[in-house]
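A short write-up of the structure that comes next.
All chains are identified by letter, namely A, B and C, in their written order; residue positions are counted from 1 within each chain.
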Amino acid sequence: MRKPVAALFIAIFLVTAPALAATRLLETGSSLLYPLMNLWVAAYQAHHGDVEITTQSTGSGTGISQAIAGVAQIGASDAYMPDAKMHDTPMLNIPLAISAQQVNYNIPGLSGHLNLSGPVLAAIYSGQITYWDDPRIKEINHELGRELPHATIVPIHRSDGSGDTFIFSQYLSKSTPAWSSGAGYGTTISWPAVATAVGAQGNAGMVQTCSATRYCIAYIGISYINETDHAGLGYAALENRDGRFVLPTTTTISAAAHELDAQTPPDERISLIFAPGEDSYPIINYEYAIVKPDQPDAATRDALKAFLDWALSPDGGQMASFLDQVHFLPLPEGVSRLSRGQVARIH
Amino acid sequence: MSARAISRLSSHLWWGVSIGALGVIIAVLLAIFVFVFAHGVAALRPQLFTTVTTGIAGGLENAIAGTLLLVSIGIVLAAIVGIGTALWVVEYAPVWAARAVRYMIDVLAGVPSIVVGYFLYVALVEGLGWGFSLIAGAFSLAIFVLPYVERAADIALTSVPTHLREGSVALGARQAVTIFSIDLPYAMPGILTGLLVAVGIGLGETAPLIYTAGWSNYMPTLAPTHSPVGYLTYVVWTYISQPFAASHALAYAAATLLMLFVFATNLFARSFVEYRYNRGRR
Amino acid sequence: MMQRVRTQPFLRLATGALAVASFALIFLMLLFLLAYAYPAIRFNGIGFLTSLTWNIGNQYASGTVTRGGFTGQVGASFGALVFICGTVLSSFLAMIAAVPFSLLVAIAIVYRVPPFLKPLTNAVVELMAGVPSVIYGLWGMIVLVPFIGNKLSPSGNGNGLLAATIILALMVVPIMVATTRDVVQAQSTAIYEASMALGSTSWQAVTRAVLPSVRNGIAGSVLLAFGRALGETMAVLMVCGAAINTLPQSIFSPINTIAAVIVSQLESALTDASGMAQRSLGELALALFLITLIVNGVARVILRGGDRTSMVA
């Protein structure tokens, strides 16, 4: 009995020993950024064999806390860090790209895009609107309104700490005073009591649950649009600050980004939600890498800076061949300069 | 019909129901088995064993190696503590102390694995700053399977016939010699059965590992701390809720391997029991 | 105990130390969790048991709130009632389904399965007990939840109390079958035969004579299985619907259990700069620990340590 066990240990050691040589970086957090990270890491590693980068889709909450704890070198987050956390543990919040969020629904037989507004979504998620054929939904859907079924709405929200929850609840807060004074916004919020509401883990879990649940509604990152299409989920045109209903497209996302990017402060913590402008899509955000300014050793620091510089470079991570696949937009020139400046501060 | 005939008929009917219930159990096990294997066998490719998980799919090399490492170390720890405890309880302890230790170990068997995991997360991962690590994961498995190991060793040692021991003592052997040359060899099949059952339980655990071992896409490094480790149950849990066909295939492949590992250890353990039983009769 | 004559102090001390460690493990875990959760116990007060609202507070608000001498985020409220109800309700309903079913299976194995088939049926029961929790969850997610959602549930949602109950019942049945089978098997055949001699049918002999004579053993194994259901994590997490702030209103409503919340809320809790959310999860773990300790402690007293043969419980 003893010999096979010893042999097993030796075998495992021999297999794992070579892995000790490379520098390892751990990226964890946002499931919205996760598909892009996978594209980036695969391309980057093809030319940088001496670095191993693990990617994990765990949720922005985990991304931030594990970056602070030093477990992960890159904490991916759709949300910038709150002041209270920044005060305790100053971290770099480095935007890598611009992302957006879709509001999806599973209504069999409904074709075309529903119009939805912040106040209507807030009423759905707080249980004041419980059926799809509610007059308040019909009122903003003149064409599709007649097709809406008398079916119970199942609102799906994220059960993990999530930047998607942050940007979605921020849209509700900025557009609906009652939501702002109630549940408010954050990466985890205390959802109003709705008996049919379901929680799901990660963007992937949202797609999975929504496609398995007729008459649901869910908020899902734009990087999952291929999957939501494939699952037959519709996505809504959302009401922006100027009162127009707009779909998430390259035009509407960059219109919204254009309104606010000039106001980006040096630490780059800013909300892009509910931007003014008649073409602006209301739920867009920076995708952040949360990074500790002081790294424990030179090898990790250099590998980390090299990867982030590559991700921010127009000939690297910002190339359309990467971003188009996940429907993200590159950073505008001014923001990109701020981000590279922050990377340079890592020591 | 007479009252007697009615009660006889109802007896037959009820026995039918109870055998039907047994049939349902067998059918459910078969259904789960077929469900997992039907999806998983197609996904079992040789590359699974030679590549690590990447992004939405990839292989299972890291998860298999991690599971084997975590379970091996966990079982070794549990074996040291469990068999040691059983030896003391059977050979040295006063009756009241033996009863107290056995009682606490039985109660430990009912502690939810997530409580063990949370305790170690707070104590080791955060408290001692070990981070997600091999050793924290192995500890969580060790605590969780300890009761099964101790109980099996306890029963096996208790069943050593007194005349064997007395013979050894009468020949002037010291107790340690008796333990190592008579008791442990005699009890070995029972102890091994317990260890195998524990391996089966450890292979299938998830909850305590999420917050102790963490997860890694890469091969485990053997660094005891600060290096997260992958394992098969995590792949089942997370990849099945990804919206990609390739992720689902990986989850089913991991589930199939897990079922095979668990069933193999269980059947192996049972064969030890049968062996012991047959030997006892001979 | 004549072998005490020549003892080896080293072995005695070493094994004794290991035994003390085994014995003390539960107390160590209990004390540790208690110390860790103490600020949460003070902060939450009785609201922990009576409030429906689980809210880690506003991470983006400035300032903090202080209750019981400890601080949390603005708006923080850690009420566990929803999770306690979900845990007890799903486990209780699962037991209602599993207990009669398991008794039927156990007596079928003891009295009706021919001896040459017994190793096979025993193997099936033990294999079922050995199926990992995530595999039950996988099956629940892919097969059971869509079935409930599409065929049974009025809202189209299949995640919830019914799915969790069915999965839990499936998971505790093999444990209960194994333990009750051993208890019934261990009972001497004299009772059965005496009852038959008095003119009972074989069914009456089993249900009116044998089972009542082993009711302590059965009660103990029911409690053991109940304890198992209360603490089950992964399979329930995968099908429960992760309800928050609301009690179930029907068998189809999403629920949440203490164990599932500890897994699904830990990462949210880590974002709480005050740390109170994490400590409140510690209080949840402590509550689950105490509930299962009581259930198991009573079960083991009923079983009086006599039944230490089963490998699965």
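We adopt the following convention: a residue touches a chain if its C-beta (ideal position, glycine included) is under 8 Å from a C-beta of that chain, and two chains touch if they have at least 3 such contacts.
Keep in mind it's a predicted model, so treat the numbers as computed, not measured.
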Have a look at which chains touch which and call the overall pattern line, ring, star, complete or other.
-> complete
Chains joined by the largest number of C-beta pairs are B-C
Per Cα centroids, the chain farthest from chain B = A
In whole angstrom, how far does the Cα centroid of chain A sit from the Cα centroid of chain B?
-> 38
Could you please state the distance in Å, as a whole number, between where the Cα atoms of chain B are centred and where those of chain C are centred?
-> 17
Rounded Å distance, chain A centre to chain C centre (Cα mean) = 35
So which bits of chain B are touching at least two other chains?
-> 241
Sites on chain A at which at least two other chains make contact = 200-201
Residue numbers in chain C touching 2 or more other chains?
-> none
The chain B residues in contact with chain C across the complex are 7-8, 10-12, 14-15, 17-19, 21-22, 24-26, 28-29, 32, 35-36, 80-82, 84-85, 87-89, 91-93, 97, 99-116, 118-119, 121-123, 143, 146, 148, 150-152, 154-155, 165-166, 169, 174-176, 178-179, 193-194, 197, 200-201, 203-207, 210-211, 233, 236-237, 240-241, 251, 255, 258-259, 262-263, 266-267, 269-270, 274
The residues of chain C that touch chain A in their complex are 52-56, 58-62, 73, 75, 77, 145-146, 149-150, 154-160, 241-246, 248-249, 253-254, 256, 264-265, 267-268, 270-271, 273
Seen from chain B, its contact residues with chain A in the complex are 54-56, 65, 68-69, 72, 131-132, 192, 214-222, 228, 238, 241-244, 247
Sort out for me which residues of chain A touch chain B in the complex.
-> 1, 5, 8-9, 12-13, 15-17, 19-20, 24, 26, 34-35, 38, 41-42, 52, 54-57, 69-71, 200-202, 204-205, 207-208, 211, 224, 227-228, 230-231
Residues of chain C touching chain B in the complex = 2-8, 10-12, 14-16, 18-19, 21-23, 25-26, 29, 32-33, 36, 101, 104-105, 107-109, 111-113, 119, 121-128, 130-139, 141-143, 170, 173-174, 177, 201-204, 207, 224, 227-228, 230-234, 238, 259, 262-263, 266, 281-282, 285, 288-289, 292-293, 295-297, 299-300, 305, 308-309, 311, 313
